[in-house]
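You will see chain A twice below: alongside chain B first, and alongside chain C after that.
== the complex of A and B ==
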């Protein structure tokens, strides 16, 4: 089982979600996040005082999928989340040791 | 008059409460609102019990007497020294001014003053500074009263009484209390310009009660005051936004509403004295001057007048008081008459240069009274209970440490 964490531009969320549902992804977790990579922030002015805002709004999508599905999911995210500009985000993949369905205590791949 | 009283109270709550609390960090939103609300509750009582008498009873030229403490003799019959409507109406109208004036000062020491110290300080301040100033300018026999005072000062709705006193006192407080922890490097941006926007609009509308109500009757003078108030606000908003557009590249919403408030402050002494075109000039100047104070001068000197109480009210009020002396016209309000009843010139534009001198006397008295009174009281309250929140409390925020609450319970 693979955990896929994708940090994307908030404006691409709807498109990414639809693409994932289309390839048969059952569940996902969406978090509102702030952050930046090489993308610079912007300046705001309040009564003449300048503030540099470098924690930019992002969306993080977390999914845990079967090993075989991982590549399909990654491609779906990459193609729909990409705008071509700095700030598009990143995807991280890690291995998951165990998955449990809380409702009925199912364990392993069937819990996904 | 009762409607005007309600409008002026609305200026404090929720007008000022929203305006100020939107400008502070989220952890201080309730604490900041409580500062205004506490005035609504406490000054109401002190005004009814003592201050109305001290301000408006006949006494000396500096302070009133005690005949009207506990509202004795203040009933539904008129007090003809002031108006033809019930004395209690006049009392309650003036009360709303007494409420908002100390509330304005809270902007200078935002986010760092103990609630207990703030309550004690502002109550004492209203006795020591506000009541004498109100008496001198508006009270019968007052030194600066336009009707018969030794230095008749033109202050239609409180440029000196409300804005200079609160603004200058605010500066003294900001300097005495010192800067917020982390100022000026830490990020202290407004947590909700939306709240401030709503508050500012309520201030603008409420100000019609503040200025037009000060005509004490429905009619031509109230009309002049209403129109001047509105024009002054609009011109100042434009002035501030133009200044921002030039200096920063974009006009901000906060700038627009701050400009409007600056204009309202500056037009306050002038509202019932000047012709409408001059209120556009007064407003525009207020927008430009106050913007400069707030965005340039404050930065250069580095003091932490957190919500610009001095920059907007102190400076705006002083500017307005001076310009009132210049642009006041007997065509709008013939306040000076000779022994035969002939109308005399009022402001400099009618040739009465001496009026500028009277305005300056009024301004100086307001400044000196505010500085001395505020310093004494700050020292006193500091010795008795301490003024500032501890650095740990300041970091955690007013809402939790002073009031045991959180403003927002959002995920």
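== the complex of A and C ==
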């Protein structure tokens, strides 16, 4: 099992969600986030006060999938989240040792 | 049943058979009340039958039903509350085994019995711990056994106990109500409500009934009889609906289930549970009915939810009553009541009462509310309208407790009488997991959210609170919020456009001026614009451009930002996260800055905006070409922010420039004065006007300076009359405009006028503002944008404009804004029709900083 964490632009969330649902992804977790990579942010002034936007709004999608589905999921995210500009985001993949369904204590890949 | 029960198993069989018949009957007719009576009778039969079977009939023990069973309101799977009432401890001790066997037999028969044994004397004891038991005795009923101990309980013990402890019981009842409401977030609006325990559920009705009974006992020292507790028709209808709903939930789940889950709502709608009409109902419609009845129940316990005023010393006990001026109502201890029961209520009185609620948070008594409700038919014949109604509504909307007043108006039917467009969203349900509240409650919450900003402790909300002070027509925003979702009543299509149509009708009736009308309509029509922009890249210039184009003016942007904040926050308690609020704020300031920086770039051209030209040409059909020449090259902002009537007036003024090189007009707005200048451009013109106004004691709040391609300037100055010169002496208008004209035509030295006012520079200031000057070469292709942030004060604008002119710069656009002591001035500058060179920018910054510092010496700064 693999955990896929994708940090994307908030404006791409709807499109990414639709794409994932289309390829049969059942569950995902969406988190509101802020951050930056090379896209550093900027400073705005309003009524004489300075507002530094160094942490830009992002959305993080987390999902755990079967090994064989991972590549399909990554491709779906990359294709729909990409705008071509700095700030498109990143995807991280890690291995998951165990998954457990709380309701009935089901374990392993069938718990996904 | 005609024969006594032969055995416990026979009792179980009997119960099962009768219960199945009860189930089938409810399925057929949906009559909740009949279901309850039937089960109560069934259980009575079983209890008395089993008691007789077990030999209890010879014992001096009374079988007493309490709680819901005592009220004959046994829901299909509710527990049976049964008390074995013994005359004394000796009888109780002797009957212990019998009572144990009886309890077991009840369970074996299929009943969930909650039994307890008490002596008559024990029933007379009251303590906080057994408060609920004492309360359940209010609903006691003899169902069998020896009537003697019951008679003693009913005739002697309970009346004395209740009379003695009524106040304590009432206080505990209040506390339990408060606790229950707190457990459920204090709201009747839950996506899957608990029909028994949640606010607006059956428990509220029981609490209201107990309260009424206790009050009657306290006031008359007599036990209430059924007519005393008969609910009014509205409450009775709610009882019937909720009863049927709870019966449906029990029979559906085959257990004591009280949660109206999503699927249960679908089924209830499909079966029209509790509705008078048959057939099937849309689940959203069904839930709308649920919320209406829940509101009725919740309202019935509203007096219990109010905090009791603290106990006063005897000498202060006489309540001080204040009359609400011009009305037959008085206010005492935060309650609005009628001075005289026999009185007529006129529309003005009614509006003043609600203004009192909005401004002070006072609550009307039941008597006051009834009087208003009773007066509605007569009030409907003399409906307030036009400016009178507008002023009344405005006062209500601007009150700190406006939402509370509007809810009361809505509950009593007053709001729909005054604004019939509101009827369509009464208890309207938007059935999804995101919208928690009905549309009417959501509307009231949006208004509550705006007012609550003044008291917010959250940092991320305080910045929105700052916008409140920048909006000088808050009532327009609040009115827009009141009307923004009325279009949802149509259930299809774009609700924003439908809301705008309904708002138009309201604004017509209230006889709004065209400028204010346009603001409200634009807010209603575009109230989702910022939410939509938040779903895009909020730092993309195209997103900012599109939003700026839609909102058109900085003032509307501020209003829309607050509207969006209030709207999202009122969807559900978690909808406006700090993350989303931060994004909203960033979008706001980015758009605001984009609007200021791009004024120069977005110029009017007839070839690009034929629609705009057509709209204004309609007013001057025979001067189309002249109008075109006048508008050509002016910033889009001018065309978008000025009403056609204003543009026509400016055109008239410009047509007289051949006779006189400057034309002025002066008018009073709601709180300020507006001076418009149409003139041939010349060096220092803007500086001279600014200096003259300052020298005449006027405080410039806002100013805009534009020029068209023909070199005609269109300047407007919005100022406050600090000394009341014009306010108190209308005859001074002519002298004032003459002085300004003399300065424009250089017949008077502005420097001379300024010297006479130099002492004002020395007035102490309250908030220190650091001077900041910045340049932006990217916002405009034709000019350099300079922003000056500085301490506001007399002569500031003239000083800045003078330095600009002295260094040979031309002002293509000027946007002047002040907030208290903070001045934020934006200038679009050119030198020889080109953006400024770096060296000139540096010199400008240096000289401005020096001049501004000289204007407000350190000695004048507040310590």
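As a working rule, the second predicted complex is superposed on the first by the 111 of 112 C-alpha atoms of A that agree within 3 Å, B and C clash if a C-alpha of one lies under 4 Å from a C-alpha of the other, contacts with A are read in each partner's own complex, and residues count from 1 in each chain.
The rule is simple: contacts are C-beta pairs under 8 Å (C-beta built on N, C-alpha and C of every residue); 3 or more make two chains touch, one makes a residue touch a chain.
What you are looking at is a predicted structure, and each value in this text was computed from that prediction instead of being measured.
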{"item": "Which of chain B and chain C A:75 touches, first, second, both or neither", "value": "neither"}
{"item": "If touched residues of chain A are counted for chain B and for chain C, the larger one", "value": "C"}
{"item": "Contacts of A:29 with chain B and chain C, given as first, second, both or neither", "value": "neither"}
{"item": "Which of chain B and chain C A:9 touches, first, second, both or neither", "value": "second"}
{"item": "Touched partner set for A:51, first chain B, second chain C, both or neither", "value": "both"}
{"item": "Set of chain A residues, in rising order, touched by both chain B and chain C", "value": "44-48, 51"}
{"item": "Contact footprint of chain A on chain B as seen in their complex", "value": "184, 187, 189-190, 193, 244, 247-248, 250, 252, 254-255, 258, 291, 294-296, 298-299, 308"}
{"item": "Chain B-facing residues of chain A, complex", "value": "44-49, 51"}
{"item": "Partner chain A, residues of chain C touching it in the complex", "value": "534-539, 577, 579-580, 582-583, 585-586, 589-590, 592-593, 769, 772, 774, 787, 789, 817, 819, 822, 824"}
{"item": "For the chain A and chain C complex, residues of the former touching the latter", "value": "9-11, 14, 32-34, 42, 44-48, 51, 53, 56-57, 83"}
